[in-house]
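Two complexes are shown next, each including chain A; its partner changes from chain B in the first to chain C in the second.
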Partner chain A sequence: MTAVWRTANLLTKSWPDGVVVYNQDSGNTHLLTPIAGQVLKLLADAPADAPTVARRLAGQIDLDSDLELDYNVASLLNHLDSLGLIESVIA
Partner chain B sequence: MGLKERDKPNSNSTEESCDSMAKETGSPMAKESHNSTNRSPNMRRRALIAGLAATPVLLSLTNRSALGQNVDCSLLSSIILGGSVNDLPPGFDHKNPDFIENYYQTHCVEGGEPGTGNATGNSGRSTNGTGNSN
Partner chain C sequence: MKVCQIEAGDLRRSLSKSGLRIRTGPFICHVQTPFENIADGVQLFYKDFTCESEGFADFHLKLIRPRNLHRVWRPQVSCYLNDDSPFSPLPSDQAFAVFESLLNWSIYTTTYNYLIIHGATVERNGFAAILPAPPGSGKSTLCAALVSRGWRLLTDELTLVSPASGLISDLARPISLKNNSIDVLQDYAPNEVFGPKIYNTIKGTIAHMGPPSDSVSRMHEAAVPGWLIFPKYQAGASTSVAPLPKGQAFMRLSSGLVNYPVLGAQGFEALTQLIDRTDCYNFTYSSLDEAMAWFSELQAPGRQALEQ
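Take a look at the complex of A and B:
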């Protein structure tokens, strides 16, 4: 079963070269890459699984998603999960 | 008086910085992708995958107030032995096992567990005799 992810309780501020994220639950602050910030923004708009996030990301730059993209998005989501920035929800 | 130009709250540089943040409404990647729409699809795909594959965290600042609070050493030891991290206070709950073990070693082993004794050894009794009792 594919995990559906949503953001934790975050405050974010975006710049062209990065995104600062404050986790209101843990009190930790992270400076993320722009793409990681974009993934968080997509999940803040609507919880989604990795293939859906990959499809939305690819669609923003007129690309089609594929397995390699899905894999890399899933890897990124796992990393964000380990930081406590996202959490899985029951689909 | 005594303030450098950059320290003044209404200096131009600060205003420019705030303006740029206020105008920034879209996502960083959207801007980046907008600039890269002229690239070939293969180039865009490679750039996207490279961005995804890179380490997403450039810098992390741990909640120091959380680290400063007292954590029950027995709770930490139970977690090291495989217990749940759910009872840990904010700031600890997402730490990896190495961090928790290092924290335990630093605060509960080397310095003495809070409430179980005096780490300096000034208890009035010494278990290390300096001479022969005979």
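Take a look at the complex of A and C:
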């Protein structure tokens, strides 16, 4: 089974130094990197698994889609999950 | 009616009996107290404020003598907000400082229709400079100096941001100066009104500087947020200024907000709007003259983004 990720109940605001995210369920606020904000936006547009997120991100920021990117995206998703900003839906 | 229209004896009698309702910005505060030092403080610092003897009040404050043995050998003041007593009794010679703290506490704990920033705010040419800072950072000293040099006082302690309009309400009240900054300001701004020093409070020695009449008379004029400046007094330091990225400014500001968790999504939206509208800086100073010079050259908000 592959975990498909979707965003929690969030409000976001982007600035050049990062993205501020407010979790409406927990009341917590986080400052994330612009890349993390981009990943959240991808998941807000459409829930996806890690490889799909990596592929879409690579297309957006002109990166080669490779194993290193897959690994970094998977780590980032785990981090966002630990912050309660995304949640998995078993596909 | 204004407080200055009430004769001193009548003011004391009114405060000690049914009390006085004083309008401070968007709030009406009903205060009852027999303490003469509070009446003297009200007469000195609230002389330009409007007041009534009857009618609605947002807060009901009572500052009275506790019925304990202290009243014989060490008189105290007990304070009540709407019949709850938030603080332990304190020495009665601190009564006016206790009144000011109790009024701040009332606003902190019962106001949910404003985003409350712990910080001073001053205004010039329609734009407000917000100075959020923890105690001991030189916020009140800087605020008092700016006010003495023509900036309009909106608040020394509680910045009220309307989530609906994004504007800042005027809450001009006495500026609370502590310890060394009292003498510094009395030398720097000798024409301002200062109250007596109040010794041995939990914050050390306190003295209040009166709000200028012009600031009080413009109490109904909200101001547009222009600058968000995090001040830090550092003895002997030369003035240094660093632009603060907006994401970092948001996190720094939100961590010190009184009621941000209560306002939830509305608070988040209000705060992002505030950060969007303001130029944000870290500001370190020790010389008031240098600080005043930098503030006097502040450009209209929005230029910071163009310069970066």
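Criterion: the second predicted complex is superposed on the first by the 91 of 91 C-alpha atoms of A that agree within 3 Å, B and C clash if a C-alpha of one lies under 4 Å from a C-alpha of the other, contacts with A are read in each partner's own complex, and residues count from 1 in each chain.
Heads up, the rule we're going with is that contacts are C-beta pairs under 8 Å (C-beta built on N, C-alpha and C of every residue); 3 or more make two chains touch, one makes a residue touch a chain.
Given the structure is predicted, the values throughout are model-derived calculations rather than measurements.
> Return the chain, chain B or chain C, that is in touch with more residues of chain A.
The partner making contact with more of chain A's residues is B.
> What is the contact status of A:Leu11 with respect to chain B (first) and chain C (second): first, second, both, or neither?
Touch partner of A:Leu11: chain C, not chain B.
> With both complexes superposed on chain A, which partner does A:Ser75 reach: first (chain B), second (chain C), both or neither?
Only chain B is touched by A:Ser75; chain C is not.
> Which partner does A:Asp62 contact after superposing on A: first (chain B), second (chain C), both, neither?
A:Asp62: touches chain B, not chain C.
> For A:Leu83, decide between first (touching chain B), second (touching chain C), both and neither.
first
> One more residue to check, A:Gly27. First (chain B), second (chain C), both or neither?
A:Gly27: touches chain B and chain C.
> With both complexes superposed on chain A, which partner does A:Pro51 reach: first (chain B), second (chain C), both or neither?
Touch partners of A:Pro51: none, neither chain B nor chain C.
> A:Ala36 in the overlay: touching chain B, chain C, both, or neither? Say first, second, both or neither.
Touch partner of A:Ala36: chain B, not chain C.
> Mind sorting out which residues of chain A both chain B and chain C touch, each in its own complex?
13, 15-19, 27, 29, 31
> State the interface residues of chain A toward chain B in the complex, per the touch definition above.
13-19, 25-38, 41, 57-58, 60-63, 68-69, 72-73, 75-76, 79-80, 82-84
> Under the stated contact criterion, what part of chain C meets chain A in this complex?
The contact residues of chain C facing chain A are 245-248, 250-251, 254, 261, 264-265, 268-269, 272, 275.
> For chain A, which residues are in contact with chain C within the complex?
The contact residues of chain A facing chain C are 11, 13, 15-20, 22, 24, 27, 29, 31.
> Along chain B, where are the residues that touch chain A in the complex?
21, 24, 27-33, 36-37, 41, 44-45, 48-49, 51-63, 65-66, 90-91, 93-94, 96
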